[in-house]
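Here you go, one structure.
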Amino acid sequence: MAHVAEWKKEEVLELKGLIDKYDVVGIVDLLNIPAKQLQEMRRNLKDKAVIRMSKKNLIDLALEDCNASKNNIVDLSGHMDGQVAIIATEMNPFKLYKILEDSKTSAPAKPGTIAPEDIVVPAGDTGFEPGPFLGELQQVGIPAKIDKGKIVVQKDTVVVEAGEAVPKDVAATLSRLDINPMEVGIDLKAVYEDEAVYTSDLLAIDEEQTMADLQGAIRSAFNLSINAAIPTDETISSIITLAYTRAINVGVEAAILTSETSGPIIGLAQAKMLAIASAVADKAGAIDDELAE
Amino acid sequence: MEYIYAAMILHSAEKDINEENVKSIIEAAGIEADDARIKALIAALEDVDIDEAMETTAMAAAAPAAAAP
Amino acid sequence: MEYIYAAMILHSAEKDINEENVKSIIEAAGIEADDARIKALIAALEDVDIDEAMETTAMAAAAPAAAAP
Amino acid sequence: MEYIYAAMILHSAEKDINEENVKSIIEAAGIEADDARIKALIAALEDVDIDEAMETTAMAAAAPAAAAP
Amino acid sequence: MEYIYAAMILHSAEKDINEENVKSIIEAAGIEADDARIKALIAALEDVDIDEAMETTAMAAAAPAAAAP
Amino acid sequence: MEYIYAAMILHSAEKDINEENVKSIIEAAGIEADDARIKALIAALEDVDIDEAMETTAMAAAAPAAAAP
Amino acid sequence: MEYIYAAMILHSAEKDINEENVKSIIEAAGIEADDARIKALIAALEDVDIDEAMETTAMAAAAPAAAAP
């Protein structure tokens, strides 16, 4: 670090200290986050995670220094993007990701900001009375017309493509439409823990999938227990029910009269007779008066 | 409904559902057979898929083990 | 189900449901009668109120078109 | 139902459902076996595909006391 | 399901559902009895009201297709 | 249900479902293993196609005819 | 699904569902534990209620053939 200024050396040392202190270290992008909001989030994460902004090259140096004790942590350096900061915590990385995602908010697009993904104006009623706003919409390429006394967007329209800067007039229009396409928050890019780096795509938990997996596991366990007749407290009733049902079914299908099957068998015989009667009911004389009513 | 039951016996035993057979059953039950009715029933059943008809309403069969004490 | 149907014919016609009558019907249908099954049928039906069993059926049948798809 | 259960045991274990086997089970349960009923049971089951019958919801027949008003 | 059916026979005949009785039935069916399975069954049945479980059959049968996804 | 889930883990991982393996899992979960239940589990699963048993909706038999096609 | 099954064992036995316990079970099954998957599962289960999953599943289990493939 011969050519490195003294303050930078100190900064690297501080970063290194932070990285050494915590088991879980992540790289975040402070997505367009206003200072006030960042402060608030820091307060919310207090006791759980520390966020420290710095320059990419200094973080790189700190990661290199730490690689001896935290094997593979240098792999984090490939995930630095945007307004970079380090986050350090003892939290489960998946939980950390979830907390940060849940705290993201949406914000209006400022002129000149880069669209993170396509910005779409959806088709439908804008709520605006006919007026100059119609021209404004058309000006920025949104097909609109008057319908039932309202300005209506005719079809879903991409006004800014992902990666493009938001033009000033579009930003104004979006704001009037109350469309807030920008995500504001702490974007966790990658996390290091115990020699492994988890990227955001791995960190996202699909709760619906988890629920579905649980239900699948529970269903399979019940099915297995019942079908293989392995009694458990939870399934013994169902096993009895199944055995009884099957026995009754066989009894009824084979017309084996017992105290429990006679009723259903007679019922079934009569129902079948009535079914045939109704199938021939429109033929004159085919059924007797008693049935014809 | 005796006539229909008679037809069902024949169907169940995979016998021919014809006038003679239905009449035999009816008479064996000690009932005076009504030839016209038998003819009409046989004619009507010619257009009916008995198995299908029985199944469709088998559910309506919806009877009683539950109801029975 | 032939034996049941035979019993139902007798019941419908208000005839006695006994071994002899059931057997006559079964044989009239050209089926070889199985005495054990007939005996079992008669014995089982002794404890059953057929009219009641039929009524509960009728009710249930009338009920749940709702249950049907 | 004991006789039906006995048949179900034999079916489950892929044993032959015959008079002797059913009788053994019934007697092992401490029940006096009724030969005629056993004969009737065997005869009745001969016409039936037990696996299919098990899953065929004859219970629909037993069903909707619940559904009925 | 053999073991369950064996228990059901005993229940039906109002006999004691114990290891010895279940084992007798299983062996009468020509099945090699597995003591562990019998013990497990008896233990599980101790906490269950069999009659109640049987009654739920009727209910389950009435359970609507609507419950399916 | 712990024992069932233990068997499912082994099945899922294509490991042998034997007493030793089930016991290891049960104990790793901090549960005191009941050897008899494990034996019963293993015995019951020997006759079963586990994949099929897991997938077959056990209560299907109890379902209404209405649901059947 | 091994990880889910492991969680269900712990839930069934009213043990704590944490990384250490899940890992013990997985390793006891002779499976190489994937720490990331365990961590992901634990984090996911903080927001997903197993009891709720059991309740919603119980219904499906009681539901009909229609649900089965």
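Chains here go by letter, A, B, C, D, E, F and G, matching the order in which they are written, and residues are numbered from 1 within each.
Everything below uses one rule, namely that a contact is a pair of C-beta atoms (placed from the backbone, for glycine too) under 8 Å apart; a residue touches a chain by one contact, two chains touch by 3 or more.
This structure is a prediction, so every number in the text was calculated from the model and none was measured.
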item: Chain pair showing more contacts of the two, A-F and B-C; value: B-C
item: Most widely separated chain from chain E, with each centre as the mean of CA atoms; value: A
item: Centre distance in Å when chain C and chain D are each reduced to the mean of their C-alpha atoms; value: 19
item: For chain D paired with chain F, centre-to-centre distance based on mean C-alpha positions, whole Å; value: 27
item: Between chain E and chain C, distance of the C-alpha-averaged centres to the nearest whole Å; value: 30
item: Shared-contact residues (touching 2 or more other chains) in chain F; value: 1, 5, 8, 40-41, 44, 55-68
item: Where chain A touches two or more other chains, by residue; value: 217, 219, 221-223, 229-230, 232, 238, 241-243, 245-249, 255-256, 258-261, 263-274
item: Complex contacts: residues of chain A adjacent to chain E; value: 229-233, 236-248
item: Contact set on chain G toward chain F in their complex; value: 1-2, 5-6, 8-10, 12-13, 15, 21, 24-31, 61-69
item: Chain A partner contacts - residues on chain D that touch it in the complex; value: 1, 3-5, 7-8, 40-41, 44-45, 47-48, 50, 52-59, 61-62
item: Complex interface listing, chain E residues touching chain F; value: 34, 36-37, 39-41, 57, 60-65, 68
item: Chain A residues touching chain F - in the complex, by the definition given at the top; value: 217, 219-230, 232, 234-235, 238, 241-242, 245-246, 249
